[in-house]
Amino acid sequence: MMEHVPISHVLMVTSTMFFIGAYGFLTRRNLVTMLIGVELMLNAVNINFVIFDRYLYPDQIEGHFFALFIIAIAAAEAAVAIAIFINLYRNIRSIDVEKVDNMKY
Amino acid sequence: MSYSVTIFILILPLTVFVLNGLLSNKLSHRLAGWLATGSMGIATVLAWLTAYNYFFQSSSYEKLIPFQITWLRFTETLQIDMGILLDPISVMMLVVITTVSLMVFLYSMGYMQGEKGFIRYFSFLSLFSFSMLGLVVATNLFQLYMFWELVGVSSYLLIGYYYDKPEAVAAAKKAFIVTRFADFGFLVGILLLSYYTGTFDFTKITNPENAAIAGMTGISFMGLSVLTLALTLIFMGGAGKSAMFPLHIWLPDAMEGPTPVSALIHAATMVVAGVFLVARMFPVFSFHAPEALDAVAFIGAFTLLFAAIIACTQTDIKRILAFSTMSQIGYMMLALGVSGYGSEGLGFTASMFHLFTHAFFKALLFLGAGSIIHALHKNDIREMGNLRKHQPITHIVFLIACLAIAGIPPFAGFFSKDEILSAAFASNPIYFGIAALAAGLTAFYMFRLYFLVFWGNERTYEHSPHESPVLMLIPMIVLAIGSIFTGFIPFGNFVSSDSQPLQAHLNVTVAIISVMMAILGITVAWIFYKKESLLPEKISNMSGALYHTVVRKFYIDEIYLFITRKIIFNLISRPIAWFDRHIIDAFMDFTATATNWVSKEIKGLQSGQLQHYGYIFLSGVILIVLVMIFTNT
Amino acid sequence: MGVSELLLMRHEWALVAAVLLLLIFEIALPENGKKKINFIAAILVATATIIGFLPAEQGTLFGGMYITDPLRQLMKNILNIGVVLIFLQSVHWLSQDLYKDRSSEFYMLILASLIGVNYMISSGHFLMFYLGLELTTIPIAALASYEQFKSKSAEAGIKLILSSAFSSAILLFGLSVIYANTGSLYFEGFKFSNSLINVLGFIFFFSGLAFKISIVPFHLWTADVYEGSPTNVTSYLSVISKGSAIFILVIVLFTLFNSIQLLWQDVLYATAILTMTIGNLFAIRQQNLKRFLAFSSIAQAGFIMLGVINASALGMATVIYFIVVYVFSNLAAFGVIQTVGHASGKVTIDDYNGLYKTNPQLSLVMMLALFSLAGIPPLAGFFGKFFLFTAVAESGFYVLLMIAVLNTVISLYYYLLVVKAMFINSQENPIAPFKSDYAMRISLVICVAGILVTGFYSPVFEYIKNLCETF
Amino acid sequence: MLLISLIVIPALTALAVMFARNAQQVKTLSATGMSIQLIQSFYLLYEFLKERSAGNSETVLFGNRLEWYPSLHISFDYGVDGISVAMILLTSIVIFTGVFASWEVKDQAKEFFASLIILATGVFGFFISLDLFVMFLFFELAVIPMYLLIGIWGSGKKEYSAMKLTLMLMAGSALLVVGILGIYFHSDVNGSHSFNIIDLANQNFPMEMQRIFFPLTFIGFGVIGALFPFHTWSPDGHSSAPTAVSMLHAGVLMKLGGYGCLKVAIYLMPQAANEMAWIFLILTSISVIYGALGVIAQTDLKYINAYSSVSHCGLVLFALLMLNKTASNGAVLQMISHGLMTALFFALIGMLYSRTHTRIVHEMGGLMKVLPFLSVCYVIAGLASLGLPGLSGFVAEMTIFVGAFQHPDMFHRVITIIAISSIVVTAVYILRVVGGLLMGPIKNEEYNNLKDATWYERLATVTLIAAIVIIGIAPLWLSDIIMESLGVILR
Amino acid sequence: MATSAIIFYTISGVMILFSLLAVTSRRILRAAIYLLFALAGTAALYFMVDYQFLAAVQLIVYAGGIVVLIIFSVLLTTHINEKLEKPTWGKVFITATLALGGLVLTLFILTNHEFVLGTKPSAEATVSVIGERLLGYQAGGYVLPFEVISILLLAAMIGAIVIAKRNATKS
C-alpha cells in the first residue's frame, strides 16, 4: 500500500535514521544513550530490509526474516550490554563513556 | 755442480728463521746463534760456488732458471711463479748478500751477546737474508714484489728490535709505511705492465724484442705512454726502498735498529734493492722508456747531493752513515739513469760495481760504528774523541773504509766511483758536476767523522772504552780486505747491461778530478776537525738559517709530519670517523628514533575514548567508500 | 533429510552436545566437585575436536543455509584445537576460589561462541553469517567482563559490546544494500556486480568483518579490550575470533565477491599497509604485554591480508597456514603471560626482566612464541610469513611486499624488546620461580611442538594447499 | 650424506649442550662436536679434491634434492662447489677456534655455546644449500642467535648494539625476501617457478626484472657484507659482542654477504650486475678506503678491527663487482683470508681484554714484554691484515687487484687504484696499533703480572695462524678449486 | 497525493523527529521514551507494508523489551532528574559533520541508483507462512537460523548471569 511513495524517499528516511543513530552513538556520553543510538541504527537497517523486500522483491520475504532475526539479536545484545553497564556502574559508580578510558595509548 | 743447489741458499736461512722463531724459548743463545751463522756460512759457500760456476765455468752469461714452480694462477696467462733466476746481476747479488750477511751474523754474535731477544734477532736476521736472496733471484716481477715486501717487514721487525724504545717503534713504523707508500706505486706499476704484456716474467719483459712492450709505448695516458707511466711507478717502489728523495725520510730514523742490522739492511743490501730493481728492468727502461730513465737519473743526482749536504751537518754517527748511504745509492741510480745499453752501458756496469764495492765498505763503516757504539754506548760524535788509542783495530779498518768511500785510489770506492763519474761525464756535464761535488762532500763528511771520533781530545767516558771482541773484529777485517781489493775486479767482464763483456778504461781526467775533490774534502776536514777548532762553528754561524735548514734535513720530516698528522689524521680520518658516527650511523639511528617519535605522536589515536574509536571507524568507512568510488569511476 | 546429512554438521552438533553435557554436569556435580568441571570441559571440547577430524563429505544442508566441505572443516578444526588449548590454559585460573562458582559458565560461553564460529564458517546465507558473527561476539563480550571486580574488565566488555554493535549495524546496512541489489542472501548463486551502490554495500559489509579482524582503521577497540579482558578471553579473541573472521573473509571474498576482486584488492592494499604499520608503531611503545600482543596481533592481521590480497588458491592456503601457525604461537605467548600473571600478578614487560634466570622454561617458550610471530627460522612463523610474502609476490604487488618486509623489521624490534627483558635485563625482584600447572604445561608443550614442527613438516601446508586448489 | 651431517652434527651438538649438566660438560661437548665438524670439513675437502681429480666436472658435488614444499617448488637442495667447500672449511675452523676462545665463559655457558653453535649451523646450512628459500632460512637462522649472544654476553652498549645489528641485518634480509621472491616468480623452469639456483642460473631474466631485483638482492646481502653506507652495525656490534661471537660474525657471517652476492645476485642476474656494477663499485670503493681511513682515528681495538673489516669486506664486494674470474677468485680468497685473520684478531683482542680489562690502545702498551705469545700472534694477524706475502691476505688482495686491473677503462682503473691505495692506509693503522699496544714501555704497573696464553688460547690462535700461513704459502690448490667454480658462475 | 503517502510521510516525520530527540534529549528517561516512539513509528511502517507479524514483534520485542530494559538500566544507574551533560560543541560539530557527510554520500549513491522495482505479486507474510518458513529446512526455510539464535539467546542469558552473578565469598 505504499505504491505512491518512491523507494528513494523511504531510503532517505532510513539513511537519515541510521546516521542519526550513529550521531547519537558518537556524541552521547551516557552508555545507555549510546545504546539507544545503536538501536536506532539497527532499526533503520530493519526498515531497509523490509522496504527492499517489498519494493524490489515482493515475491520474497527474506528481508522480513532478516529483520526478524536482527530484532532478536538486538534484544540479546542489549541485554548483555546492559548487564555489562550495570557491572561497570557497580565498579566505578558511573556510566559516563568518557570515564571509561582507563586503558589507552 | 748443478745450479739447482742454489735453492738451498734460500732454504737455509728460511729454516733458521722458522726454527729460531718457533723454538725461541727452548734454544740456548749460543746454539741459535751458531745455527744461524753456520747456515749462513754454508749459504755463502754455495753462493760463491754458484758464482764461480756461473762466471768462470760457462762462456756466455745466459739467464738460467734452475728452479721454478707455479705459485698462484690469476688468469690463463698471468701467474706468479716461484723460481730462481740466475744472471750476472743476481749471481753478483747473491755473493754480496751472503757474504755481507755472514759477516754481520758473525759480528752480531759478539755485538748482541747477552741481549734478551738474541734468538729473535737471529731469527729476524735470517728472515731478512732469506727475503733478500729471494728478491734478487726472483724470476718475475711479482715474486720480486713479494720478497720486496718481506724484506720490508723484516726491516720493520729489526728496526723495531728494541721495541720498548718508543723511538725505535716509531722509526720502524715510519720505515714500513714510507716504503709501503712507495710499494703502492710499485704494485700499480706492476699491474699496468702486466696487463699489457700479459706476463710477469723478467725473461719475457726484459726481452728487447717483446712486441707487447713495444705496443705499450703506443698507448698513452695523460700525455705519457703507459709504459713510461708503469716504469715510473715501478721506480717509485725502488726509490722508496732505496731511500731516494723524497721517500728517503725513513732511512735516518731506521738507525734506531741494532747497528749490525743497519750494516746489513740499511747499508749493504736492502737499500740497494731499488737499484737492483731498476737494473733488473733496465732493458725495458733503456729501450722503451727513456723518459723514465731520465727520472731515475734526476732523482739519483738530486739525492746524491742532497744527502751529502745533510751528512756534513749531522752529529749522530749512524745518521751520518745513513745519509752517506743515501748519497752513494744516489750515485748508483745516477749511473743507471745515464747509462745506455750494450756497448754504451758503462753506467750500468758502474752502478753495479759501485753497489758491489759499496756493500763492503759501507758495511764495514757500520760495523766499525757498531764497534764504537758497543764500546761507548753512545752515538753522538761530539762526545767521542781520540778513540784510536782505545780501539786500534777498529781505527784501522774504519780508516780503510773512509778512504774507500772517499774514492782514494787504490781502494775499492775509487774504481767504482770513477766509472760512475765517467758515465755521467759522458752523458751530461751537470750530472758530472753534481757527482764530482758530492765526491768532495763525501770525503769531507767521512773524514769529519773520522777525525772527530778517532782523533781530537780524549773525552771522559763512563767506563774506559775497549777494543771489541774477536768475533766482531774478524768480520771487520774481512770486509776491510774486501774494501781494499774489490776495486781491482774487472767488473765489466762479468756484469753488463747486455751480458756481453764491457771493457771499462780508467778515464784519467775524471779520475784526477775526483781524486782532487776527495783530497780537498779530506783536507778541509783535517783542518776543521783534526784538532778542536772553532772554525766549523764560525762557518755554521755564518750560514745561519741555511745551516739550520740543513741540520733539520731541509724540514722534509716536518712536511711529512704535517701531511700525516695534520692533513690525513686531523682532516681526513677524524672527520671520517666523525662522519661515520654522526651522519651515517646517526641516520640509521634516526630511522629508529623517527619511528619511535611517530609512534609517540600518534598515540593519541588510541585515546581510550570509545566514541573516538567509533568516529574513526565511521570516517574510515566513508573515506574508503569515497576513495573507491573515485578510483573506480 | 537423513542422519548421514546431519552428520555433515557434526562439528556443530558435537559442540552443542558439549554445551548441554556441561550444563548437566554443572547441575549434577556436587559443590565440592566443581573443580572437575575444568577437566570435563577440556575433555568434552577435545572430544568434539577429534570428532571434527573424522573424515567427512562435502555438501550443503538446509537448502543452502549450511555449506560444508573439507576446507571449511579444516578451518573449524584449526580453531577447535585452539579452543582446546585455551581450555587447558584456563584450568588453573578457573580453579581459583574467586571464579570456581562460575567456571562452567565460562566454558559454556566460550563453547557458544565457538559454535557461532563454526556456523559462521559454514554459513551459506548471509543471515547465518550474521548470526554466527553475533554468536561469536556476544558471549565473548560477556566474558570480557568476567572479572567482575576489575573495572578494566568491565571497560573491556563495554568497549567490545558497543563497538561490536556499532560495527554490526554498519555491516547490516551494507548487507541491506547488497540485498537490494542481488535479491538473494544465499551464497549459492550469489551474483555481484561492480556498481556504485555495490561498492557502498560491500565496503560497509567489509568494515564489519574488518572490525573483527582488527584491520586499521577499524581496530581501535582491540588493544583496550585485549588488555582489560581476562587473559584467556584475550587469547580467544586474538586467535579464534580473529581467525574465524579471517576465514570467513577469505571465503566471502574469494567466492562471493570475486567479481569485484580489483576493488577489494585495492581496499586491502591500503588497509594492509595501514594495519601493519599502525599495529607495529603502537606495539613499539607498549608496556603491558597483553596490550602489546594486541597491537602485535593487529600487525599480524595486516600481514595476513597479504595472503588474502592474492585472490587465488595460493593466497588462501597461505592465509590458512598462517593461522595454524598463529594459533600455536599466539596461544603459547598468551599461555605464558597468563601463567606468569596468575603466579605473580605481573603483566608488564619490565616485570619480565630477568625472567629467564628464575623461570627458564617459560622464558624459552615465550621466546619461541615471539620469534615465531616475528618470523624467525626455523620456527613455523618463518614459513607462515614467507608464504604470505610469496602470495603477495605472486600477485605482483612488490611495493606492498617491500612495505611488509620492512614492517617485519619493526615487528622484530618489539618482539626483541620482550626477549631482551627476559634474557638480558635483570632486576632486583624478578618474578619468583614457580611451577605452572599441568594443564597449562600440556598446552604449552603442544604449542611449542606446533611452533617447531608445523614449518618443517611440509605436508601440513601441502594438505591445505590441495584443499584450496579444489575449493 | 656428508653434507647433511655437516648440519646435523652442529645441530646435535647444540641440542646435547642444552642437556649438559655443568659448564665442563658443555665445553667438552662443544669442543668435541666442533672438532668432529672440523675433521668432517677436511674430509669433505679431501673427497672434493678426489672427485675433481677423478674428472667429475659437475657444477656441484655430493648434491641431492629432497622435496620439501612441492607446491611452492621448495626443496632442500644441497651440494657444494669449490667456493662452498672453501667457505665450509673456513667456518669450521673459525667455530672450532671460537669454542676454545670462549673457554672462559662461565655465565650461562650452556646457553652461550648452544646459541653459538646454532649460529654456526645456520652458516653451514647456508653454504651447502642450493635452494634460495632454504638458503634464506639458514641465513636468518645464523643472524638471530647473534642478538642473544651480544645482548647477554656482550659488553658496553650491548643492548643497543645487539638491537641495531639485528635490525639492520634483518632489514637487509627483508630486501632479500623481495629479491628472492622476485626471482622466483620471474623464473620459468619447465613451466613452473623454481627456487633452485642451478635451475635459475639457466634463466634469461628480462632486463627490466633484473634492474629491480639485482639491487635488492645485492644490497640485501651487502648489508651483512658491510656495504657502505649500511655498515654501521658492524662497529657497534663487534665492539659489544663477546669474543667468539665477534670471531664468528666477522669471520664467517659477514662472508655470507659476499657469498650471497656472488652466488645469488651476480650468478642469477648477470646482465643487471654488469649494467649496475658501477654504482656499487663506487659504494664499495668508498667502503674500502673510507673504512681504512676511519680506522686511523679509532682508539678502541674492537672498533679498529670492525672498521678494518668494513674496509676488507668492502674489498670483497668490490672484487665481485669486477665480474671477472680473477677478481672474484680474489674475492673468495679474501673472504677466507679475512675470515681467518679477523677471527684471530678478535680472539686476541678478547684474550687481551680478559687480562687488561681495557680495549683502548693508548691505555695499554709494551704488552710484548709480558705477553709475548699473544703479542706475536697479534703481530702476525696484523701482518696478514696488511697483506704480507706468505700470509693469506697477500694472496687474496693481489688476486683482487690483478683481476680488477683486467678492466682497461678509465673508471675501473681509477677506482682500482683507489682501492689499492688502501694497502698503505692499512699499513698505517695496523702499525699504529701494533706499536701502541705491544711495543713501547709498559704503561700500567699491574700489567707486569699478566699471564700469557693458556692452552686453549694457544690452540685457538695457533690453529688460525696455521691456516693463514698455509694459505699464504701454498694458495694454488685453494685458488684452483675456487676458480673452477667461478667458471660456471661467471659465464 | 495518496493517503498512503501522507501516512508514510507523517510516520517518517515522526520517526525522524523522535530519533533526533532520542539522541539529543538531555533527560535520559525521555530519550528512552522518544526511542520508543521512533520504534513504534517503525512498527507502523511495517503495518503499512503488510508485515503485521514483524510489526508485532517490533512492538513487543523492541518497544516492549528493549526499551523497558533501557529504562530499567537507566533507573538503576542514574537519578531520574539527572540531566545529561551536554557534549562539547566541537564534538557535536565534527560528529554532525561526519554523520551529515555520511548521509549525503549514502543518499547520493542510493538515490542515484536505478532500482528495478519488483513486479511480481507480493508474497503473503501471514503467521502461518512465517511459521512454516521458520521451521522449514528446504531452501527458504529458516530452521537453522532459528536453532542458532536459540543458542545465541541462551548464551546471552548465561552471559548476563555471569556478569550479574556476584560471588558469595566476595560480596
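Couple of notes before you dig in:
Every chain is named by a letter (A, B, C, D and E) in the order it is written, and numbering of its residues begins at 1.
The criterion applied here is as follows: contacts are C-beta pairs under 8 Å (C-beta built on N, C-alpha and C of every residue); 3 or more make two chains touch, one makes a residue touch a chain.
Everything numeric here is computed off the predicted structure, so don't read it as measured data.
Common partners of chain A and chain D, by the touch rule above, are B, C. Path length between chain B and chain D in the chain contact graph, taken as the least number of steps between touching chains: 1. Comparing the centres of all chains, each the average of its CA atoms, the largest separation from chain E belongs to B. Distances from each chain's CA mean to the overall CA mean are smallest for chain D. Centroid distances from chain C, each centroid being the mean of CA atoms, peak for B. Ranking A-E and B-C by contacting C-beta pairs places A-E first.
Annotation: 101 Å between the Cα-based centres of chain B and chain E.
Work out the mean CA point of chain C and of chain D, and you get 42 Å between them. One simple way to say how far apart two chains are is to compare their mean CA positions; for chain A and chain C this gives 27 Å. Centre-to-centre, using mean CA coordinates, chain A is 96 Å away from chain B. Among all residues of chain D, those that touch two or more other chains are 167. In chain A, the positions touching at least two other chains are 18, 21-22, 25-27, 34-35, 56-57, 60, 62, 65, 69, 73, 76-77, 80, 83-85, 87, 97, 100-105. Those residues of chain E in touch with two or more other chains are numbered 91, 95, 98-99, 102, 105-106, 109-110, 115, 140, 142, 145, 149, 152, 156, 159-160, 163.
All chain pairs in contact, by the document's touch criterion: A-B, A-C, A-E, B-C, B-D, B-E, C-D, C-E.
Chain E makes touch with chain B in their complex at residues 91, 94-95, 98-99, 101-102, 105, 109. Note for the complex: chain C touches chain A at residues 126-127, 130-131, 134, 138, 141-142, 145, 148-152, 154-159, 161-162, 165-166, 168-170, 172-173, 175-177, 179-180, 183-185, 223-224, 227-228, 285, 291. Per the touch definition, chain B reaches chain E in the complex via residues 611, 615, 618-619, 621-622, 625-626, 629. Those residues of chain B lying in contact with chain C across their complex are 592, 595-596, 598-600, 602-603, 605-606, 608, 610, 612-614, 616-621, 624-625, 627-629, 631-633.
For chain B in complex with chain D, the residues that touch the partner chain are 70-75, 78, 80, 142, 145-147, 149-150, 153, 156, 160, 163-166, 168-170, 172-173, 176-177, 180-181, 183-184, 187-188, 191-192, 194-195, 568-569, 572-574, 576-578, 580, 584-585, 587-589, 592.
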